[in-house]
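Shared chain: chain A. Partners: chain B in the first complex, chain C in the second.
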Partner chain A sequence: MPMVLLRCDKDIPEREKHIYLKAPDDDPKDFLPLANSPTIPGTLSERGCAFCGAKLVIGGVLKDTIQMIHGPIGCAYDTWHTKRYPSDNGNLQIKYVWSTDMKEPDIVFGGEKKLEKAMHEAFDEMPHLKRMILYTTCPTALIGDDVKAVTKRVMEARPDVDIFTVECPGFAGVSQSKGHHVLNIGWVNEKVGTIEPEITSEYTMNFIGDYNIQGDTFLLQQYWDALGIQVIAHFTGNANYDDLRGMHRAKLNVVNCARSAGYIANELKRKYGTPRLDIDSWGFNYTAEGIRKISTFFGIEEKGEALIASEYAKWKPKLDWYKARLKGAKMAIWTGGPRLWHWTKAVEDDLGVEVVAMSSKFGHEEDFEKVIARGREGTYYVNDPNELEFFEIINAIKPDVIFTGPRVGELVKKLHIPYVNGHGYHNGPYMGFEGFVNLARDMHNAVHNPLFNLARTDVRATPVVELKEAV
Partner chain B sequence: MTAPALDEVYGYVQERCLWQFSSRAWDRTENIDGVLGTLADLLTNTPVNPSSPTERLFLADARVLADQLRERFPDLGSLDAAGVRALLESLRERVTQVAITQSRNHELHEKAY
Partner chain C sequence: MGCEIKPRVRVGVINPMYDCQPAGAQYAGIGIKDCIPLVHGGQGCCMFVRLLFAQHFKENFDIASSSLHEDAAVFGGRKRVEQAVQVMVQRYPNIRVIPIITTCSTEVIGDDIEGTITDINKWLTKGFPERKIHLIPVHTPSFQGSQVTGYNEFMTSTFKTIATKKTEPTGKLNVFPGWVNPGDVMLLKTYCQQMGVDATVFMDTENFDSPVLPDKSVESHGQTTVEDIENSSGAIGSIALARYEGAAAAEYLSQEHNVPCVVTPTPIGIKNTDELLKNIAELTGKPIPESLVRERGIALDALMDLAHMFFADKKVAIYGHPDLVIGLAEFCLELEMKPVLLLFGDDNSKPKKDKRIKALKERTDVDIEVVTNADLWELEKRVRDKTPEVDLILGHSKGRYIAIDANIPMVRVGFPTFDRAGLYRKPTIGYRGAMELGETIANALFTHMEYTKNKEWLLNVW
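This part shows the complex of A and B:
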């Protein structure tokens, strides 16, 4: 029973290995959805591509860096300003993207000259920018453009610039997860240790796997400031390119998103001996726990407890107001991977919400081990879901609200089920104490939105008023 | 008072602790042994003096867990030091079995991250 073949999947029976329905007394050793595996032909996958994982998720967040995308304009357009990660310098990373705009003749005759010209143009047009990440895409990887050689020539011609190349075309992996991996490993191998950061505190850390979605980084930074901890690099929320070159000097790596950035924390541990601390930075209970662990590591427990007490006094009454109104609500989480395990117990413990279905687009089996350990019995756990599965599961579990992206969200709205943007947030930030109150507010406004009751009403069932033509 | 059952303590640790689910088997082993070893010292009032950053990390994880277990399982106090260590050794074996030796995670033994 626990691995499930949905009715809609009868013609693609391989999907049974990807869908788990947790039953009472299941032994955790016996069931684990297959994950990070190729999408089965015939399924309407929701996944993003490997290039997207590198550019849109991680590299594109940097606030002082030219994002040069060597490929057709669509690869740049589709990963441009669709994710809400602001910065404190005017949101350069949201406003701009650069592309070599490859056309058919360029594919036939090669794109290296066009790339070199575009790189010089970009630096000339914005002379205050001295850092660049260069990404390959499917066509430019397939024709074999030697982007590292081009990068070398540009850096020789411009000694004051630094360029990082990410050779991760869309087809390189089964999902965007491959892009996370390539960027992480490339960065630690080529760029970490090439700059010495200025150390301003005896307590230093990197905060890894937070992308400043609607200001998450800004909010958490208040806590680190209160504790006197210097964050050498945020990987990569509101970060500068050179911040990330100095990651080797931190005494501790704190990891939030272990899927997109666990690799760099592992490599920093292996190469520099920096310990890796995994925390959950969504939810009251979890955030307090994370602060306690960080404070204990640095021996500043009293400061940590004072901060937690102050934040609880400020925000807990507000959270409890929402909890009283959300208790028992049924929630589905259809996001990328880690938010499943970050959120399922957080909303249950802090808000009394029951998570009844979860799906992951790019999670690995490690993510499913975590979420099944934390999730409820009777809940669906789905890897690489498709639209028909969404419909069938909705019918089975009848969620009150779904946390997902706008693409799927607009779909479920047509079924008169409210959604909250689980990727870019509705009205974030959602991390930390204040952030979780924001999440609770958005969930409350979705669950209790009167418009959905009106929309669900079938007006055809009521007597039709006959309209008379004006004379 | 009765001592808390292994199943109950394991259930809580499995749900709560991310350190058991690191990317690779060797990281999981290091974390499980390090955190639960430090936890045993804390719960038996044995002095803990971390001498490396990794040991400080184990202390950070173990101290939070020790407080949570004391609050959640007050009957832990009915165990003497040998009883606590025996319980935690059984816990270590169970966590190792589920998270490493019998895990269905295909990536645990890959050589690179």
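This part shows the complex of A and C:
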């Protein structure tokens, strides 16, 4: 009975289709959790919206771009100061957010005029910025503002600026995944090929689906520099807007996060014939495998092997120190989707950690295919989980550490389980060799945090040691 | 001296000061016990607000979404609400209150929330006859007001829905503190206890600072019960501490159930706390006890060491909720500081007519500039261009980079304060709040003197 109906779900039996408990000899394709399907209202799902998938995850990472959000103030407020993606030019993308601050009269009479004014104003206020992404939200999509027409007018009036529009109202699709898709497809159709990048190496690639969380992009860039590979565009970690307009010139598209950015790699392949190479950039084995694949593609295998050898020499002893102390630890991964399949085998092979439960907010069925193929037996695989399910699964599997977001982290703390930030990391970066040592360190420090042992102790149950007076 | 009040002139916002209405409604909603607010809109409207609360309180709060998808956006979201309520009632056997909080999308679609509630109530009575579930319609379109008005709207709707009958006299005092921290609620409870006043705090958010316990129980939720709200109509009086955050609910109780209501100046600083205690004494007939006279004295003793030595003439910019900003400005004057720039973050026109602002002007010889409907870019530009020059910023964490980049000392106060540890536990109101806030300001200035090597030697002999 590999699909599971949890007790807490007895009144919403359709949840059985979303929860899989892997049994020996299962063909995962027979028991794939239903994914990317509508949320059951009132379940306390963890999902976000299409707007946040576009703005917060992908577009908002760009370090030189005005993020103009056409909607009421909350959409801007809520997608600001919630991500840990630095840049190398002063963190504009972390410090600022822009909103048209839609009010009732704008909703009644249309918001185009206000939008146009706000766009000009934004460029006037920060004249050094010449690039903008414009996002729609629930109400501005519902009232049907023609944002493309407004954008056209602003670009005509300001020849030195470039603006990209993303129509991503929060109600579109079933989760943030829809926003990823809209942004990917829009960008490749409207912006790729509008600039010719300067080519400085015979080896060129785009690195797709890495958002420079706590400096992931900076760390991986060291590898590409060592290999002499020019990264034309990072999609979108530490990237400039114009970098992404030159993506068509890369000889290879390397994809890390296939869920949020696989679409653009597919489109680049279709339109420009650029091959797509999927790698996992977390974990020692995977990073080495990724470097090997990329080096093989460019015919620079020796350089690749030399890089791997020097990185192993530097970091493997540190990793092994943690492995000895983490072996057998039980881990749960409650994140967005792809990190399930990126991490489950990496932590098992590199650190001896057993992943006993995994849940995905916005993964699709192909993500579950991947994770179930890589994951252990006896492990829960859950699509679009909710809070009561979390409680029940925790009781069943008793994890030692949970990789999840800060809010759920606060909840599981009360259950005496430490969390490590599976989205923004505790103290990353986590990608690459050095990064995985960071992940191991944070997991080690969480699992061995003495306060959690104290929390499990009831002071009233401690035998009182009687002090005898010295005779 | 002058007090100029003007609105932001730009149409757009760069770095907003407040979140939208549904966020404020959700904040008030989590203050009720056995209650899960249901946000009727896109999933982000609830998911990010839960994250925001978690950032501030380092706690998880339960809030549900009707998960509005495309079909509902086109054909209406009534079914989503019905299904959500059913799922919540079935899966949470202790749930007693479900506020239905609208958003921009569902207000634009025009979903009939009142009608939906009437229908749901019919099948709830039939399907769950042993349970009494209170559904509260809360209209908070994001394109009106802000989190401040959203909070107020939630409070009003809740009392109008639940406190419908005049109950027997309870002898209790209703306290409406506004959007405050658990540390403030604890302080209010202590003060009332010391005065011998049986008080009910709306909302009782003391447990927003909740423990890790050996039995793993999760207590991070509000403690205001349905009965507390019902019985508010039989109270001896109501005291509201924030004009724009919950006072409307106290006024409803006054109009509908003749519960005497006093809106006291937001009790930040010594004088405002004096007013609070006097008003409580007047409403309840209980004298101000010796213990509070002593606590007042301790606070004065501490602040007197700081005011004319360190605080005097320091120019301060203050932003945040109107009641908080006005209270802080008044406190600044008590400490001989100059609140030269006050910023409110929405288009609510009431605060600029607030008598307290006029009084500020009369109390001081500095020019005070008030910007309404302001964003944090407004503050950033002024700080950068020194128009006016400021020595200290008081505000919440969303403005942190203004202080960091301009290298100006900043004390976090208000909501949210996610970039400092444990602030939700510390009171801002009352004598102790005044003392602790004053000392935090002093320590921020001291640290700044040291980091900038600006007369840091003064502190050798202080």
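Everything below uses one rule, namely that the second predicted complex is superposed on the first by the 458 of 471 C-alpha atoms of A that agree within 3 Å, B and C clash if a C-alpha of one lies under 4 Å from a C-alpha of the other, contacts with A are read in each partner's own complex, and residues count from 1 in each chain.
The rule is short, and it goes like this: contacts are C-beta pairs under 8 Å (C-beta built on N, C-alpha and C of every residue); 3 or more make two chains touch, one makes a residue touch a chain.
These figures come from a predicted structure and were not determined experimentally.
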Touched partner set for A:Y263, first chain B, second chain C, both or neither: first
First, second, both or neither for A:D25, with chain B first and chain C second: neither
Which of chain B and chain C A:C138 touches, first, second, both or neither: second
Which of chain B and chain C A:K251 touches, first, second, both or neither: first
Chain B versus chain C as contact partner of A:D160, first or second or both or neither: neither
Touched partner set for A:T43, first chain B, second chain C, both or neither: second
Chain B versus chain C as contact partner of A:E198, first or second or both or neither: neither
Touching partner for A:E104 - first (chain B), second (chain C), both, neither: second
Comparing the two partners chain B and chain C, which touches a greater set of residues in chain A: C
Chain C contact footprint on chain A (complex, rising order): 8, 11-12, 38-52, 68, 71-82, 95-104, 106-107, 114, 117-119, 121-122, 125, 137-139, 142-143, 169-175, 387-388, 405-408, 410-411, 413-416, 455-459, 461
Touching residues on chain B, where the partner in the complex is chain A: 14-15, 18-19, 21-24, 27, 53-54, 56-57, 59-61, 63-64, 97-99, 102-107, 113
Footprint of chain B on chain A - complex, ascending: 28-29, 31-32, 36, 185, 251-252, 258, 262-263, 266-267, 270, 273-280, 289, 292-294, 296-297, 345, 364-366, 369-370, 373-374
Residues on chain C engaged by chain A in the complex (per definition of touch): 10-16, 18-23, 36, 38, 41-45, 47-55, 58-60, 62-70, 72-73, 80-81, 83-88, 90-91, 103-105, 108-109, 141-144, 146, 210, 212-214, 216-218, 220, 347, 377, 397-398, 401, 418
